[in-house]
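The same chain A turns up in both complexes below, where it pairs with chain B and then with chain C.
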Partner chain A sequence: MNKIMYLEFERCIGCRACQAACRECGDHDAKERNYVEYVDFTESRQTFPMLCMQCKDPACARVCPANAIQITDEGVVLSAMEEKCIGCRNCTFGCPFGIPKFDFEKNKMYKCDMCYDRTRDDIAPMCASVCPSDAIRFIDFDEMQQLRRKRTQMNLVEGKKPQEGNKWDYVPEFFGVYTDSQS
Partner chain B sequence: MSQFLVKEGVKNQIRKGEKLVTTHCCYCGMQCGMHIRVNEKTNKVVGVEPRYDWVLTRGKMCPKGVTAYQTVDHPDRIKRPLIKKNGKFVESSWEEALDLIERKFKGLQSNYGKDALSVYGGVSMTNEKCYLVGKYARVGLGTRYLDYNGRYCMSSAAGGFNKTLGMDRGSTLPWTELEHTDCFFMAGSNTAECHPTSIQWFWRAKDKGAKIIVADPRETATARVADVHLDLLPGTDSALANGIMHLLIKHEYVDNEYVQERCNNFAELKEMTAKFTPEYTSKITGIAVEKIVKAAHIFGKSPRSVVMFARGAEQQTAGVDNVSLYTSMALLRGQIGKFASGVATFTGQGNGQGGREHGQKSDLLPGYRKLTDPKAVEYISGVWGINPEDMPKPGVSAYEMFDLMLNKTIRGLHVICSNPVVSSPNINHVYKAMEALDFLVVSDFFLSETAELADVVLPATTWAEDEGTTTNIEGRVIHIRKVVEPLGESKPDWQIMSMIAERMGKGKHFQYNEPREIFDELRLASKGGKADYFGVTYEKIDEQDGVFWPAPAEDHPGSPSVFKEKFATEDGRANLAVCDWKGPAEVKSKDYPLWLTTGRVVFHYLSGNQTRRVGFLMEQCPEPFVEMHPELASQYQVENGEKVKLTTPRGDMIVPVKITKAIRKDVLFVPYHWGKQQAVNQLTSPALDPTSRMPEFKVCAVKLEKLTK
Partner chain C sequence: MLNLEKSFYSKTSMYSFITIVVLFFLMWMSTAQFLHIDMALLGYMIGTAVFAIGLCIRMSFWIYRTATNRVAARSVKNLFTKERIKRNAKSLTITLIDNIVLQKFIFKRGLYRGIQHIMISWGCIISFAFTFGLTFGWFRFDLVDPDTYQMVAFNIPLIKMAAHGWIAEIFYNMLNIGAVMVLIGASMALFRRIKDYDVKVTQRFEFDLLPLYILLAVTVTGLALTVSYDFLDGWMHPHISLVHQITVVIMLMYFPFGKLFHVPIRPLATAVPMSYQETLKVDTKSCKSCHQPYSNDDQIADVQAILKAQSFDLQLADGSYLSDYCPSCRRRMRALKQMNMEAPKGNPYGPVNTNNGIHLSGFSKKRSEDFYGIEQDIKKDLGEEKEHEPVSR
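== the complex of A and B ==
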């Protein structure tokens, strides 16, 4: 698996197909592991999707006292192992993106695993597959680099500078999965 | 033939013990490609898999599409016919239900004449079924009273296109060309919520620098990123279009050669638009002058543009005018019939395109033939094997049928694939009409609000339990596959109609073993008509990713783009629209001081009869709401989430408030997917467009009241 998840928040149209699709993944037990939120509905309809960043040094795994959160060779951070998870919920508090969720019935954490049963065969995760606006994409690293360079270039094209109707200036940015700033 | 179609190099996940069946979604006109997962042992539908290689949607789906499969094996499915006895539904055999229908239908017709019966169809079903609804009403029952829910959906677009271009194909170009377009002018379309998978094409074009102009009272997801958001008042589209054309002429953006060669009425149009100066247009529409001017310049300068519109512009008493005027904008710029440019309407229902072409409408016969044309009547009578004299005359439009029920002209009704007591305007009136009926039959797979009123409910199949074709938003005929056998004793609508026709003594006209035979008859019936399907076959659809009509011969590949050389009018020239702004039928007053408009949310489809039963969708949007600007909210002292009362001269409802700046300060918006007390259609105006007979869902005057605690 040599592909990455690439998010472009301003493309999001708030349809939540990614959430519906997340429930359809084989190992997901019909529970979604991503979310879509309004930035501020009073101001605008701008929404953004959020999924696991699959951190190199994940806070969820670091704070797990039982070492229940495993990372695959490809770097995918998995849900807590059933036999190890003690249900302390440290991971749900530790994650800065609010990704790990807690199943109170099973007393166990669950989280986005990038649809590991699909991506290990190079098939796109469900969320990226269905996203109608390409806000979530599953693409080659090189393609991602190209897309990012292209966005810088587009800012030079007339009419592409921030202007009327351009309300995504305050969309959050963070490591690895972000769009170029407009400056 | 393999049930799982996939192009070379495309990988799908196929789980152990499962197979995939390639088909399309059951909901909107995008008809997104999808594979349905079927458990091989139990033969049950278990899920969905993206269809990455479907040319229009590339695996993408909206939340309705992702969860569509959940309606197939749903616990609410009606599995056996239901007969109402002493006010309660009792399960019965098909035999008993058909006996009752035969007795009642024959009784009503012998006492009150053939036209005492009526049929109300829908277009969320295959071409085969839509075609058969027309034949069932006219041959099977022999009644003139036939219409369908497309009257609320596509009839103004049809009226406008027929008037200006001479033919009603929803899009003049294939949508795979949209990424090469330089400018989109979208009016009255909340594209991102109503046709989410189309967004990929707009965003792709935008990535290349395309401009987007959106005319909508609300700042929708498309309006938010638009280069210009024309925040017009509901019901003022014709003023806006005239205003833009005024500027196109003034600033010499008109393609004179194209207009001279291919269009009529330019001088008249120039004269009509003369008064629509930006100032005058601004006064009517409520849009700032600078925005109108900016939009006209962007649109005028763009070498390739597409003008698009949807129900916002169409569901008005001036719906046909609006469509004609917006189409004329594209004509003035010389865009129609060229690469990546043209005009398109967003088809709201799955088969809104195909379903309106083949004779479900009160005045149309298959192939877009007119019932008033003796030659058309003769040809179709030949195909159907009836006497031309026996062909019923044109009836009345959908909403007008309810008036005839109230005055007892119509006494029996068969509703197929529709839920008019939720989707019609002014439903308090519609309820009275339905209750006045002597006998009501409803075919559906869930007990809709309309079905609750029925004397007999016949269990129909879902889209996954029958084969057929639909025609998507572009005019591309596509293949819907049968995924599983019908649940319980449910039957596809074509079988139900054939069985009733048999009981009415018309069985010899309805001898079908499978949908293909109906399609072959449809091909013949449409041959030589405007919507010519003669060259479309199931095999050709699979071979070439769908076939665009018209396809007049068996070796014809179909017509992705239309009007390349000439228009479908009698003289081959387009008729530019010369229409003044008329204003909506109901205007705000002292008693009803605000504007109300209605629409969809992304999580629900039409009357919500299917989507209100899907867990994920109901979690996201369980109830209607009224959207309003914070400035308006503060004037009425209401808070976010607080319940308020909305009243129009026709009805009232209590609904929670959602406050956002993404809407005009003088407009309220309520989505329409709920029934009974939650239905905004208790409030909407039934005023009809004089040509299309489409109701004015999108504009009425409303009173807002804070509830006392």
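== the complex of A and C ==
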């Protein structure tokens, strides 16, 4: 798998199709695991989608007292294993990005797993496959590099000159899972 | 304790040694100085001793983890806080009954899964309790006279019962009852694992299916023993007994290292409401940004300490930590950061300027000066140059 998730927050139109699609994914138990939220409702209707970053060294797994959060070979951080999770919600508070959700009824944590049954076979996750405005995309690593370069050029056209100290402010969110094993 | 520890290879080996010593001391005590050992169960006894060591090692490594250690320490500390004793007792009892005995949360995940799990768990607990008791001789049945058995626990004579009374029959068939429960539960689980596409997403053979096959092997061979001596006049009994012994030893070896290890770590779940809810089901810590309650101080303190101990630097410029904000504010902060939309100056927790200057709301609007990112000193230089610009006439 050499594909990554590519998010452009500004493109989000707030249709919440990604959440509807997430509910349909296998093993998601009809509950969405991603977020679509308003940047600031009092100022504008701008929304942004939010998914798990799939950290290499996830804080959620580190704060879990039951060692329930596992990482697959591909680098996907899975939801807490149901038999181990003791329902303390440490992961919810440990995650720097506020991603894990908790089901009080069933006493278990669940989080974005990039639709593991799809992405492990290089199929786009549910959210990326339905997003109408391409705010969430599942693309090749090289394509992402190209988009980032384009983005930098656009910034230059717009008159924004990234400098050495702040050039990372000008590239959009990207994250994902890439291993070189199969390519 | 420190000196004792030094005479061992490691802390873990010390705990293992103590466990084994305690185990065999109990055995020595309850079998009247090894007089009443059931030699037929010798293989099980050695298997169980190795199982105890394995369990001890795994439990030790589990409790050494920073997160586990911290949470366990918090639980112990809260358990013995005087003002909380009444509340602790109540919440511990409720969680113990709901979560461990009745396993209500699994029934909420589905009736099928609930039945399957309660069958496996209680079947296993019954069988384990009975087998361990018999192999280590913690209790035994003495023949007082030809028609009466007496139960002896830890070498203390207890109830007497008729050799074919109903109490005795229940005891004789205890392992059969457990085995039938596990057989039903494990078959249901295996059926679900094979049929259900949802569980296949993250299912792994060696982790999810192997324990079911092992449990099935143990129960089937165990029940075959009963069938053999009850209905087939003991046909093949020694062979089946040997096979059963092998399967049980395999299960005991597997237990601490596979999926079944969730059994001994589960009791920590009973401490969660006690440790992390100052008032039951009420959040007391409020978010630093939106001031909505989202957690409680103890838990956030624990999370921050655990992260700090593992060198996670999640501190912000103003000294607060990301875990001081509620999850939804954290998500918003990340989006703002990424879109370069955090307020440049002033109150960072006040209203946010969502106009980032890239997209203007109308045509022919002039961009603000700071949009171009020209630094102050350069601007000044430009201004100065203008003043001294030579004018041609």
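Criterion: the second predicted complex is superposed on the first by the 155 of 183 C-alpha atoms of A that agree within 3 Å, B and C clash if a C-alpha of one lies under 4 Å from a C-alpha of the other, contacts with A are read in each partner's own complex, and residues count from 1 in each chain.
The rule is simple: a residue touches a chain if its C-beta (ideal position, glycine included) is under 8 Å from a C-beta of that chain, and two chains touch if they have at least 3 such contacts.
Not measured: the values here are computed from a predicted model.
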item: Of chain C and chain B, partner touching more chain A residues; value: C
item: First, second, both or neither for A:13, with chain B first and chain C second; value: first
item: Which of chain B and chain C A:44 touches, first, second, both or neither; value: both
item: Which superposed partner A:95 touches (first chain B, second chain C, both, neither); value: second
item: First (chain B), second (chain C), both or neither touched by A:64; value: second
item: Touched partner set for A:117, first chain B, second chain C, both or neither; value: both
item: Residues on chain A lying within both footprints (that of chain B and that of chain C); value: 10, 26, 42-44, 46, 117, 159-160, 163
item: Residues on chain A engaged by chain B in the complex (per definition of touch); value: 10-11, 13-17, 19-21, 23-24, 26, 41-46, 117-118, 121-124, 126, 129-134, 150, 154, 157, 159-160, 163-168
item: Chain C residues touching chain A - in the complex, by the definition given at the top; value: 62, 65-68, 70-72, 99, 105, 108-109, 197-202, 259, 262, 265-266, 268-269, 272, 275-276, 295, 299-300, 302-303, 306-307, 310, 312, 314, 322-323, 325-332, 334-336, 338-341, 351-355, 358-359, 367, 371-373
item: Contact set on chain A toward chain C in their complex; value: 9-10, 26-27, 29, 35, 37, 39-40, 42-44, 46, 48, 50, 59, 62-67, 78, 82-84, 86-90, 92-99, 105-108, 113, 116-117, 155, 158-161, 163, 169-170, 172-173
item: Residues of chain B defined as touching chain A within the complex; value: 11-13, 15, 47-48, 50, 52, 59-63, 65-67, 192-193, 196-200, 203-204, 207, 209, 211, 219-221, 223-229, 602-603, 616-617, 620, 630, 640, 658-662
